[in-house]
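Two complexes are shown next, each including subunit A; its partner changes from subunit B in the first to subunit C in the second.
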Partner chain A sequence: MLEIKCPYCGKRSQNEFAYGGDATVKRPNLGEEVSTKDWDDFVYYRDNPRGKHTEYWHHVSGCRQWFKASRDTATHEIFNTSSLEEEI
Partner chain B sequence: MSRAFRTISENNTLDKSKVINFTFNGDSFQGYEGDTLASALIANGVHLVGRSFKYHRPRGFLGVGVEEPNAMVQLHEGDKSEPNIMATEVEITEGLKAKSQNCWPSVKFDIGEVNNILKRFFPAGFYYKTFMWPKSFWMKVYEPIIRKAAGMGVAPIKPDPDRYEHNYEHCDVLVVGSGPSGLASALAAANNGARVILAEDKAHFGGSLLTDNVTIGNKSGKEWADETISYLKSLPNVIVKNRSQVFGYYDHNMTVMFERVSDHIHNPDQYMPRQRLHYIRAAEVIISTGSIERPLSFGNNDRPGIFLASAANEYMKVYGTLVGKKPIIFTNNDSAYKAAIEFHKNNIKSLIIDTRPSSDGELVKEAQSLGLVIKFNSGIADVKGRLKVTSAIVGKFNSDKESYASLEEFECDCICMSGGWTPTVHLSSQAGNKLKFDESLDAFVPNNKRQKETAVGAANGSFTLNQSLAEGFQVGFDLSNSITSNNKNTTVPTSNEASFQPHDKFWCMPLPKGKNPSRFIDFQNDVAVSDIELAFREGFRSIEHVKRYTTLGMAGDQGKTSNLNGLQHVSNIQKKIVPEVGHTTFRPPYTPVTIGTIVGREVGNHFQPSRKTPTHEWHVTNNVVFTNAGLWLRPRYYPRGSETMSDAVNREALNVRKNVGICDVTSLGKIDIKGPDAAELLNRVYTNAWMKLPVGKARYGVMLREDGMVFDDGTTTRLSENHFHMTTTTAQAANVLSHLEFYLQVVWPELKVNVLSTTEQWSGAAIAGPKSRDLMQKLFPKVDFSTENFPFMGLVETEFEGIHAKLYRISFSGELAYEVNVESNHGLFMWNEIMKAGEEFGIQPYGTEALATLRIEMGHVSGPELDGRAVPYDLGLQGMVSQKKDFIGKRSLEKDAFVNPLRQTLVGLVPVDKKTKIPEGAHLVENDKVSLPNPKLGHVSSSCWSVEYNNPFSIGVLKDGKNKIGQQLFAVYPLKDISIPVEVVSSHYVDPKGERVRV
Partner chain C sequence: MSNSNTNSSALINDHQIGSFGNYHNKEKSELLTVKELTNLSIYQIAKFKSSNANVDSVIINGLNLPKKYPDVSYNNDTRILWNGPDICMVVSSDLSIKEKLSPINDDDFAVTDISHSRAIIEISGLHAIDVLKKGTPLNLNNSEFTKNNCANSSYNGISFMLDFIDDQPLTFRLFCLRSFGGSFYHSITDSALEYGFIGE
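And now, the complex of A and B:
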């Protein structure tokens, strides 16, 4: 079980959190023309890297804030976590 | 009682004033407090304990602790019965009942032993080979035989009556194992201010200090261990646990340990847990798990009476028990001489067989000075004695050590063997440590760590006491220093032990000429040297393949005594060095853990939390049958008298259609949405328009996922300009809240909106049926319930006897209906008042089943239709999709597949005979007689008995459904060989124009 540092609450056990996927994906703006490829890339296609991955987590059984984490997908090492506004 | 197999020395851990009675296979025996089941049986001269897994060979004890592969027993009876318990790990208690397993009809005469005679038919890969035989042969002949023969213990069939607990701990330093290096680490870390947990698997602390004749400072090893433990226990920053096995090492330094809290106590207090599971998150873990002795391979080396030499020594020194009185010590190293010396203290002379040409070790010299006979350059080729060893065939090696120059038979009643030592690296490996092979030890040791763990002592390959202590003190200090920044050093005491000579890298004895007895490597899974050779001949090279093909190391003991020997044998055959062969991966649990301990208190009603509505007790008093809706307990139906479920459901549903019913809707998700951009948020998450919804009005909304699939639906009401009350389905309540939070925090942080779950703050009652308006008028006389003033989808805030109440005119049943919401603490009061007032209108409560009937008849979609595979068009919700604005998932709706007119869309289905209920999940096909695969046109999602028309009715999705109305198809359910002719009708079966809700 991972130990994750919520930027607002501090270190907590993984079972307080929900995983939220790749944090480098940006949703196209509302009302914007989006090509089918760009839309499919946004909805369906994700990289599956071995190693460093920037991702969203939700402190769901805690402060209910979404935040970013930089995690190694192979070793589960978490290098850093940050609020959404901060650069990670 | 029989003292026949007890030592002279009383300096052990037994309390001889406390005699304990127990039974084994129905026979009564006595032991002492402090005995394990193994030591007590051995003391009584019992060596035949069970039968082996594959060949049902007679087996006794090999070890003294967690390494034991053979002596598995079934403990207790009835609901407390527990299979596959190592007799070496059980402390006896008064009245304990144990029996052998894997043998029938008795341990001495076992029918399965025919497998042993037929063993050339049960070689390596036997199970896999049977798969290639004809199916009928496998099903009828082999599968039943294997099942009967291969079972180990018997699982109890009743619920476990014992209590188990979970505990979470955090510490600076966790020390696993209380041998010399563990004690030293704990002591140094604790003195330097770290919060320490010291865990010992056994009942007694000290590890090798309990069995080795060593001194530390001016004390014996055992005295030093006792003193150190007392001191550590006195410190406030130290937790000391015995009978506690750290069995798993997970990510981020999370370790898991089970503690045997009351297994060793006769009649423990009622609420004392049997075992406790500790989740320990440690900043640093010190692995001082010691080492396990390796067996030697020789003919029939699995016979009862053949022990590891260290086990024999520990039985004598710790448990005051003699494993025999005419021992042969058989070794390739010095350590086994300890057993010979200890036997000598009990006036028992051992014969020593040493594979080495000679040794100058101090223990060897001591044995020689005691006058013991040592046969160097010799090995045991074979043994005699089936139920217990009676003699050994000993041979002098020829110079190549591949055969014997001569053979000689020596009588014995036990053989104590030692093939060297294997560092216990399981936890290091579980932690991700890349092990390296140490040539001089012939074993793997920890090398490159991935987590914050450090192995010390024998677990790190440091086999001398001096090294172990030095390492322990150093690591304990360094790690605590890095955490506490304190600099309090603990002086390393001087120590003394016998010096020893290198071991012989030779452990697999040649066979006696012309004979072919099995030389076992893995005792628990019956894997012999010949099986590994066979695997090689059949082309298996990778150690992972050899392991799976032969099942080497795959038994419950995870190869604690067999892994290294097996690996070395593979490397010998392949003429490769061991590191090239590599090793298999160690995985948790290190030792078997009983399921009850893993489950803890999460059993029965505590399996998951139960969410109860404020009117829960009322439902109970009114004969409710509950259903689980997520964590919620929701009323399913309320049977009266001898009613069946369908009687009750039909009555409840009909009463809503004719009179008025009341339904507890508290569990529906409720989200309070506030802020200047609240309407804008709704406009983005729902498919329809929200900006112009007037205050005091509700609107039905559908939300999609980004991939265009319907995610959830519900009504949302505008309470004031910037304040909305959203409802969600019970099932998706939590997910919708997370969804809103994601978009508000991550995607559109510029929106000024706050969302908050208020599901539990409101108690909701739906009042539905043609008489609902009359009932509402009676309850709230000040409110004008005329459609002009309180239209469909309207909201009125009022009060009832001083209680604030929100009245919504919304309907899921399709009838004229209202929802009364009051604060939760008034929920029961309000409900009772509604029931009282409703009596004259024939009010009845209705549950989720009647609710389902009502909504299915009306063609309202719910969970079974919102299955994550439907776009709005499929469910007839395309009218809800705004063309004027963008929203979550809109772009996906343009995809070709989603605008295909042949998509499966919502339809109603009525059986042609108007009698046969259509099972949910049935497939819709054009012809039920064609050969498979029969093209599937759709499926049935929800079924009910239509109380309006008094015949079965279902809804489902059907390819090109709109154009199939009026056609006849078949609903097929091949699992039960069901085929029902059905007519396709509109999904709006009752009140298709939706007039009733607007009257």
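And now, the complex of A and C:
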């Protein structure tokens, strides 16, 4: 079982969390002309990296806050977590 | 309009009075006690993201809002549980708690009556902590979680809030969403059968 350090509650079991996707994807800016390809890339296409990856997680059974985690997708080692406002 | 407390039982079809499980040849003091609490008002206080208000400015019944996990502010009839950053849950047997919340500025804070949205179980006795350990991944060891601490977690997959009321005797209040109350109650009582419990 993984232990994930919630920035607000400390170390908790993975059972309490939900994965929230790739945290490196940037939404196209509002009010700007956006090509179909840019929307496709934003909505559908994701990299599938092996190694260090920055992700969103949700402490769904805890404080219900979203945060960022840096995780190795091969070993599942979690290097760091931070609130959404902080750089990870 | 109904009272703003949990007077209408969430466990009316589940909670039973009597002795259950491995209670034979045991003293009452050795058994667990499981009861439903129905006399509490519950309010959530959440500061708006856009607000710059100081949380310290809010005082309810003489209590400040707790600011970090796993703090609880408490007096004889009211407990304020940390529920998340700038989010707290006020649990009170004080019938006038609603009036005491009214001075809170609603431009800065959302105050929501959630009294009817929770099932509340109180479990006490020597083995109360063992019952909890069977279902929750929380670290309940003394060094991590002590009297007057609270935490959100899950019990057999059901999200719940745990409030450590007392250590003499061990007493915990468990809050879960009302619609999960029956499943949650049976999860807790199934775990308690091994030790024997009295439903009150």
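Note that the second predicted complex is superposed on the first by the 88 of 88 C-alpha atoms of A that agree within 3 Å, B and C clash if a C-alpha of one lies under 4 Å from a C-alpha of the other, contacts with A are read in each partner's own complex, and residues count from 1 in each chain.
Convention: contacts are C-beta pairs under 8 Å (C-beta built on N, C-alpha and C of every residue); 3 or more make two chains touch, one makes a residue touch a chain.
The structure displayed is predicted, hence computed values, not measured ones.
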Query raised in the report: After superposition on the shared chain, which partner residues are touched by A:Arg64: those of subunit B (first), subunit C (second), both, or neither?
Result: both
Query raised in the report: Just subunit B (first), just subunit C (second), both, or neither: which does A:His76 touch?
Result: first
Query raised in the report: A:Leu2 contacts which: subunit B (first), subunit C (second), both, neither?
Result: first
Report task. Check whether A:Ile88 is in contact with subunit B, with subunit C, with both or with neither, and answer first, second, both or neither. Result -> neither
Query raised in the report: Taking the superposition as given, does A:Arg27 touch the first partner, subunit B, the second, subunit C, both, or neither?
Result: first
Requested in this report: Report the partner of subunit A that touches more of its residues: subunit B or subunit C.
Outcome: B
**Report entry** First, second, both or neither for A:Gly10, with subunit B first and subunit C second
**Finding:** second
Query raised in the report: Where on subunit A do the contacts with subunit B and the contacts with subunit C coincide?
Result: 1, 13, 60, 64-65
Report summary line: In the complex, subunit A touches subunit B at residues 1-3, 13, 18, 20, 27-28, 30-31, 34, 36, 39, 42-44, 56, 58, 60, 64-66, 75-76, 78, 84
Query raised in the report: Once bound in the complex, which stretches of subunit C touch subunit A?
Result: 68-70, 83-85, 87, 137-139, 151-154, 157, 159
Query raised in the report: For the complex, which residues does subunit B have touching subunit A?
Result: 250-254, 279, 281, 432, 450, 684, 706-707, 738, 741-742, 745-747, 749, 885-887, 891-892, 894-895
Report summary line: As the complex stands, subunit A meets subunit C at residues 1, 8-13, 15-16, 60-65
